[in-house]
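First chain written, first letter: the chains are A, B and C, and each begins at residue 1.
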Amino acid sequence: MTTIYQKTKGLQDTELHYCPGCSHGIVHKLIGEVLEEMDALGTAIGICPVGCAVFAGNYFSFDTIEAAHGRAPAVATAVKRTHPDQPVFTYQGDGDLASIGAAEIVHAAMRGEKFTTIFINNAIYGMTGGQMAPTTLIGQKATTAPLGRTREQAGMPIRVAEMLATLDGCVYAERVCVTDIPHLNKTKKALKKAFQRQMAGDGFTFIEVLAACPTNWSMEIDEANKWLMENMAAYYPLGVIKDTEAM
Amino acid sequence: MKREIWKGSEAIAEAAIRAGCRCFFGYPITPQNEIPEYMSLHMPQRGGVFVQAESEVAAVNMVYGAAASGVRAMTSSSSPGVSLKQEGISYMAACQLPAVVVNVMRGGPGLGSIQPAQGDYFQATRGGGNGDYRTVTLAPANIQEAVDLTQEAFDIADQYRNPVVLLADGLIGQMMEPIVWKERTPRPLPEKTWAACGRGSRDHNNFITSLLIDAPACEAHNLDLAKKTAEMEKNECRWEEILLDDAEVVLVAYGTPSRVAQTAAENLRKQGIKAGVFRPITVWPYPYARLREIAARESVKVFLDVEMSLGQMLDDVHLAVAERKPVRFYGRCGGAIPHVSEVEGAALEAWKEVK
Amino acid sequence: MKKEVILSGFGGQGVMSIGKNLVEAAVVEDLEASWVPSYGPEMRGGTANCTVIISDERIGAPLVESPSEIIAMNRAALAKFEPAVAPGGTVFVNSSIIPDKVSREDVKAVYVPCDEIAAELGNSKVANMVMLGAYVAATGALKQETIETMIAEMFTGKKAKLVPLNLKALHRGMECGRSA
């Protein structure tokens, strides 16, 4: 019998705790596939965030370290510098990366740390129950912005990929999403490129994934994906933000 | 062995490298800048990693990362900076990661002063961060001891898989004294099979985490940590007794004040007063048992606790002495160092009270 | 034997470094020694001082209230530390810069024209070495040969040519120390 599809060896045989329609599971799978294809499951070290992906180490089959909230880039800095020949990545949400860990991500990018950051931007705090994130859109409701985010009260949402792209240490930044198969394929390609450039020693690489959180957005799955494409992708444009190879 | 003259901070840095420390992550703060400065030059030359982090928080989390991937790592700071590092120290204790944190204490609270102080005693000896944990806390009183304890700290950390704190004060960091680099016999240490350094051919992945969201699991983990705490308490307690055999007045002090107390005791003896010094070298675990024995001696009349803080170690002295004998206190703080004459005077007063 | 000395002067006058020289020489002579600097904003310009203790026994308190000697390289140093000197102690005064005389009668004063001698020798930087010579000769705390060997070891390679100059400065200082 011919195998036409099988689960990546990059994931364990564990049931994921993510909600229906959540993008985390898909991105986990893509990371597992990319590292498997690169024959890196024995060498890869992943740094997990605080947030919904806090249990990622129970799902990935390679070694992982759970960082304190926002500190994954600092942890990854040490891991990569002491294991320079191994692929290292951080997996962080928007609260973790763009709020409490803003200093750590900016400085890791500034130093051109040779690891990859996978930034899951779903414009909301998931695990703590739908509070406003730095990436929450204007007008979007959150449990700490019950009437919707306003510019006066909370400022404008932060475009992290664009911000990090201004730093010379960042060699590759792309924004992707996983709402359908073509976008999912693009995401996988972007992830692979990021890891390849990391292993080539080029510098800091950054993949921002616009992600859906139907639970905290109070939407059906299809509705959430549609909202993501119409609203998030409008404010956070998809595509390559920076690629020093193409420059 | 050749005696060399070393400045405290630099001696601590060199001792760490000689002890196999392969990473240093730090952030500038007075009075310990000589440690990162020394590391920035020497660590890369000797095949190690130096990063000047964006903050103390980042620095301690870099230590966490290095430790989690199985590498000997250290960070250093001074009081306000060490407060920021408590996050990482708590996480390392939770994840059972070995690392060394140096605190060259200055005056507090807040920004305080940059002169020597001991106001971080509670923080250092009671865990310091959130949760139930302790760290072995080594308090050198001279540069030779700073060197020896720094090297020992890495072994203690690896043996128990727990962060270790070297608690020095600004004076120990800044002063120069002759030392010798002793031949060390490293402890037999367990292999770091738990490290997240790449799965290789292991049949499972290593996942370093402190999140145990299920309360019974978290409690079980805490109880495991507590067993380790008990082991550290049993095995790692150190102290020194100076002129103590026939002492009637016992001065209790650690770090720089213990040296002041020593000179005060010598002076008191010249006046016919039998004074001695009990000097904890580990302030956690605290040498309660030995101090209790001393308190029970008939010859001992009174204790005088001397600190560069306002009665923090005093709690531990009380716990040990437990009302057997009177305990008096003399402390300076905020960066002021007690003078010999002040300590001598306080001891004399205490002695007159009980005579 | 126990010497407790406070050395003080402007930053750049080399007081910290001759303090360190005393410790180095003491170590060669198998003595115990300690060196404590003043530190903080004042060392980035302004007055610098350090406390050196040399002893044949374990050193307790590394800071002293009543030093057996002080070395004052500038006026502020003399004003600040003269009152602290132990009765019977010695005050070393850089008389090239300090016009004042030691006012106390219970201490010995040694006046050393450090900068004038250094200028005579053609290098203002050795003023501190002149004072070191005076201190060693007047106190007998350390052997002359020890200091000479130390100076020879201090300047090596390109700087080796500075050895004779520093030795000369040391010897001129020693003359002042002896005759005081």
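What we mean here is this: a residue touches a chain if its C-beta (ideal position, glycine included) is under 8 Å from a C-beta of that chain, and two chains touch if they have at least 3 such contacts.
Computed from a predicted model, the values in this text were never measured in an experiment.
Chain B has its Cα centroid nearest to the centroid of all protein Cα atoms in the structure.
Of all chains, the one whose mean C-alpha position sits at the greatest distance from that of chain B is A.
In this assembly, the C-alpha centroid of chain A lies 40 Å from the C-alpha centroid of chain B. Rounded to a whole number, the gap between the C-alpha centres of chain A and chain C is 63 angstrom.
Averaged C-alpha coordinates give centres for chain B and chain C that are 35 Å from one another.
Those residues of chain B that touch chain A in the shared complex are 22-23, 25, 49, 51, 53-55, 57-59, 61-66, 68-69, 71, 73, 87-88, 91, 95, 196-201, 205-211. Taken together, the chain B residues at the contact with chain C in this complex read 3, 5, 30-31, 114-115, 170-171, 174-178, 256, 259-264, 266, 337, 339-341. Interface residues of chain C facing chain B in the complex, by the touch rule stated above, are 20, 23-24, 27, 32-37, 39-40, 58-65. Only residues 12, 41-45, 47-48, 54-55, 57-58, 60-68, 71, 74-79, 81-83, 86, 103-104, 106-107, 111 of chain A touch chain B when the two sit together in their complex.
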